[in-house]
Amino acid sequence: MTLPFAIIAGLTVGSAIAAMSLRNLVHCALSLVLTFAGLAGLYLQLNAEFVGFTQILVYVGAVAILIVFAILLTRSTEPKDEPATVTPWIGIAVAVGAFLTMALAVLASPVGKRVAAPAPEVSVKTLGQKLMTDYVLPLEVMALLLTAAMLGAVIIAMKDKEGQR
Amino acid sequence: MLGTGILKGMVETAKNFAGSYHDPERLTTVEYPEQRIASKENARQFPFLVHDTEDPMKGLRCVACQICEKECPPQCIYIVKSKDKRADYKGQMQFYPATFDIDLSVCMSCQICVEVCPFESIKMDTEFELSNTDRFGGLLVNKHQLAKSNEHYRKIHPTEAAASDAVLAAETAKAQAKAKADAEAKAAKAAAAAGPVGAVASAPAPKPSSPAAATAAAPAA
Amino acid sequence: MADFFQAIDQFPVTLKHWLMTQLGGVLPEWAEPLVSAALSITPILAVFPLMFALTTVIERKGLGRIQNRIGPNRVGIPLTNIRLAGFGQFIADGIKSLIKEDVVPRAADKVVHFLAPIALLIPVLLTYSVLPFGRNMVPLDLPQTGLLFFFAVGASTELSVFMAGWSSRNKYSLLGAMRAIAQMVSYEIPLILSALTVVMMAGTLSLSGIVERQMWHVAMPGIPGDQDGLLARWFLFTPWGLVGFFLFLTAAAAEANRTPFDLPEAESEIIAGYFTEYSGFKFAIFFLAEYLGLFAMCGLGITLFLGGWLPPVNFAPFTWIPSWCWFLGKLSALIVLFIWLRGTLPRLRTDQLMGFAWKFLLPMTLINLVVAALWHLLANSIPLVARWPLCFAMLAVPYWLLGRGFEAKFTKREYRFAN
Amino acid sequence: MTPLSGYLFVSALLFCIGLAGALTRRNAIMVLIGIELMLNAANLNFIAFWRFSENPETMTGLTFALFSIAIAAAEAAVGLALIITIYRHFRTANVDKVEDMKG
C-alpha cells in the first residue's frame, strides 16, 4: 500500500462516513463532494484519467449541485431534536454484516492479491472508437435514457405547479 | 439583427474613450486639490462674523443680541453677552460677545442667522475645507476663528456686501443725523433754558430725513 | 539571429532546466519532482496575480474614460510626489484588504464560510496547469484529457460559490449564489459544446496538441492557410471557428460572471451576491479568483481559436517575438475587450439570461457543431472559395432566425406622462 | 503499487457506509445520497478490476464505469425531482411520514 493511496482512501472513506452521519444536510452534501473528489483521485491512481475527470465533471459539477438545490428546496420543517435516523442499530448491523462478508470474500479470493500489470496505454481516441463501434447500442440507449430522464424530471417537478394554478 | 445594437454601443463607448483624451468638452473632471473651480458668488458654506477695524475683536459688528442664537434651527450658536459696553462702529456704546461659538458639525448652512441679524454682523463664508483631526473641538470654532474682515466679505460676495455696506452707511448717516439732531436739541434745550424759543420747532426736523435714507438704501439691497 | 530569438523564446524553459541541474546534486531524490513542480508553478503564481492587479487599475481607468471620467490616477510611490499614473493603486488596495478587519457573521457556518474562498481559488488556479503559455511551456501536459481537466476543475467552482452563499446565512448571499449557480450550469453547456467543436476538428483533447494543429506546416484538411506556410491556420479563420469563438466568448463571460451577465453580484438588487458577507482578505480572494477565472477562460479561448502562442503569420518580425509574449498579448487584448464590453452593456434580466442560454446559444453551438462536421466532410469536394461562404451562410441564417426572437421584445417604450 | 484488495476494501467500505445511511436516515435526500455512494463503490470496482485485469486494452471496465456515471446522473435528476414533488405534496422529505398511498 502506497502513501498517496492511503491518504486518498482515508479521505474518501472518512468523508463518506461524515456524509452519512452529520446532522446538517448541507454539510452531508459537502462531505459527499469530498468523497466524489477522493474517488476521482482513486481513479487517477488507477490510470483511468478520463473517467476520473468525468467523475469530477458529472458528480462535483452536476450531481452535487442538484443535491444541494434539492436540500434547499425541501427545507425541513421538523423539530430539531428529532433523531435524524430510524432504528440505527439494525441498519448498521446489516451494513457491518455486508462488509464482513465482502471483506472475507476479498481476503479469501486469490484475485485480491493480484498485482497490477504495467500501466495500459489508454487513449481517448480508442475509447471513443470503442464507444462508437462495439458499444454503440448501449451509447444510444444511454442517450435515450438521459433524454427521457431530463424530460421526466422536468415534468415531475412541474406537475404540482400547474395543478396549483 | 441581433448584435448590431451591441456594436453601435461599443462604437459609442469607444468614441467616449478616445474623446476623453483630446476633447475637454467631454472630460469635465477637475482634479481638485491642484485645480479648483472659483467658488460661485452665491455659494454659502458656514457663517462668519464681520469686523471693520484692524483689530478683529474690537471691530466686531456683533452686539451679542442673541437673536441668531434663538433663531438657529439646530442650535449650533452659543453666545455669552459681555458685562461691559464699548463703542461700536457708529460710536454707540454696545454690548459685545464675550463668547461666540459655532459648532460646525451641527450647523446646517441654512443662513437663517444671517437673515435675522439686524446688525449685518454675521454672514455666510465660502470656505469649505474645514476637515479636522479633532471632530469635537476642531469643529467648534470660537469668535477669534470666526472673525473675518469686511474686505473678505466684499471679496467673496461683492453684490451682497455692497447692499450691506449701503444699509450700514444709511444707519450711520441716520445715527449721525440723530446725533446731530440730539446735539441741536441739546443746544436748543440749552438755548431754551436761556430762552425757550424755536426749540419745539427745530427738534422734530431731522426725523423725516432718516426714513428717506432707509428707503434710498432699500432698492440697493 | 534566429538562434538569439529562439533563446529568448525558450528562456523560461532553459532557466528551469538550468536550475534543476544546479539543484540536482543537492536535493534528495524524492524532493526533485516537488521542486520541479514548484518551479513551474512559481511563474504562474507571479504573472497572473500581477496581471489581475494591473487589470483592476486598467479596468477602472478604462471604465472611467468610457464614462468621461479620469479614473484612479493618484496613488504612486509613497512619500514622494511620483504618481505613476495611478498604477500604485493595486498595492494600496492590497494592503488595505490585508489589514482590514475580517468580519464573520455570528449566524454564519464558520467552517464553511472560511473554506469557501479557498475552495474557489484552488480550482481556478488548477485550471492554469493545462494551459500552454508558450512553446514547450505547459505546466502539466495531459495528452489525453487536457480540456476535460480544465472543464472538470472549472465546474467545481460552482460548489464553492454555493458554500459562500449558503454559509453566510444572508438572504442576499443565498440569492446571489443561486443565481450564480443557475447561470454557470446553464452556460457551461454552450461553453463545452463550442469547445467541443474544436476538439472534434483537431482530434485531440490535449491543449498543446490543439495549438500544434493550428501551426503553419501541419496539414489539416479544410483549414485555410497558405500552402507555403506563411499564414497561420488559426481556427478563427474558419466559419465555424469564427462563430464558435464568439459563442465561446459569450459563454465564457457568463461563466466568469462578467457584465452583461453579472447578475450574481448585481449590487442594485442583491448587494454583492454570494460574497456579501465577506470582508478584508477573504473578499480579496473572491475578487482574485473571479479575475483569474476570467483570465483562464480567455486563455482557453486563445488556445482553442486564436492559435495559442502562435503568431498570425510566419515571417521574420513576427516570429522573432517570443511565443509567451504572443500568448500574453492575445490575453491582454481579450481582457481589454471584456473591459470595453463592461463599459458598454447594461446588465441582463434573469429571464433574458436563461432564455439567451437555452434558446440562442445552445442551438447555435449545436448548429456550429454540425457545420464544422460538414466543413470537414466537404473539404475534398468543394474548393475553399466556395466552401467558406457556404458554411458561413449556413451559420448566418440560423443566427438571424434565432436572433429575431431576442430583438422583437425590445420595442420602443411609450411613456404615458412624460410625452 | 497497491494490490487490488486495497481498492476492493475501500469499495466495500463505501458500499456499506452508503447502505447503512440509506437504511437508517430519515430524510429522503440522505437515502438518495446513500444510493449514490453505493453506485460509486460499484464504479470503483469496475475501474479497479479493469486496471488489474489480464487484458486492459478492451476497456470494458472503463466504458462500463462511464455508462454507470451517466445512469447515476439520470437517477439523481429523477430521484431529486421526485423528492421535490413529494415535499410539495406532503410538506416533508421524511420518508417515514410519507405513508399515504393516495396521490
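Which chain is which? They are A, B, C and D, in the order written, and residues in each are numbered from 1.
As a working rule, contacts are C-beta pairs under 8 Å (C-beta built on N, C-alpha and C of every residue); 3 or more make two chains touch, one makes a residue touch a chain.
In this text, all values refer to a predicted model and were calculated from it rather than measured experimentally.
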Provide the C-alpha centroid distance between chain A and chain D, rounded to the nearest whole angstrom.
-> 5
Would you kindly tell me how far, in whole Å, the mean C-alpha position of chain D lies from that of chain B?
-> 84
For chain C and chain D, let me know how many angstrom lie between their CA-based centres, rounded off.
-> 35
Please work out the Cα centroid separation of chain A and chain C, and write it as a whole number of Å.
-> 30
Residue list for chain C, restricted to those that touch at least two other chains | none
If each chain is a dot and touching chains are joined, what shape do you get: line, ring, star, complete or other?
-> line
Identify every two-chain combination in which the chains touch.
-> A-C, A-D, B-C
In the complex, chain A touches chain C at residues 26-27, 30, 33, 37, 49-50, 53-54, 56-57, 60-62, 64-65, 68-69, 72, 122-125
Residue ranges of chain D in contact with chain A within the complex = 1-10, 12-21, 23-27, 29-30, 32-34, 36-37, 40, 43-44, 47-48, 50-52, 54, 56-57, 59, 62-63, 65-67, 69-78, 80-85, 87-89, 91-94, 96
Can you name the residues of chain C that touch chain A in the complex?
-> 109, 112, 142, 144-145, 148-149, 151-153, 155-156, 158-159, 162-163, 166, 174, 178, 181, 185, 188, 203, 205
Using the touch definition up top, name the residues of chain A that touch chain D in the complex.
-> 1-2, 5, 9, 12-13, 16-17, 19-21, 25, 28-29, 32, 35-36, 39, 42-43, 45-48, 50-51, 54-55, 58-59, 62-63, 66-67, 69-71, 73-74, 76-78, 82-88, 90-92, 94-96, 98-99, 102-103, 106-107, 111-117, 120-122, 126-127, 130-131, 135, 138, 142, 145-146, 148-150, 152-154, 156-157, 159-160
Could you please specify the touching residues of chain B with respect to chain C in the complex?
-> 1-3, 5-6, 9-10, 12-14, 16-17, 19-21, 26-29, 31
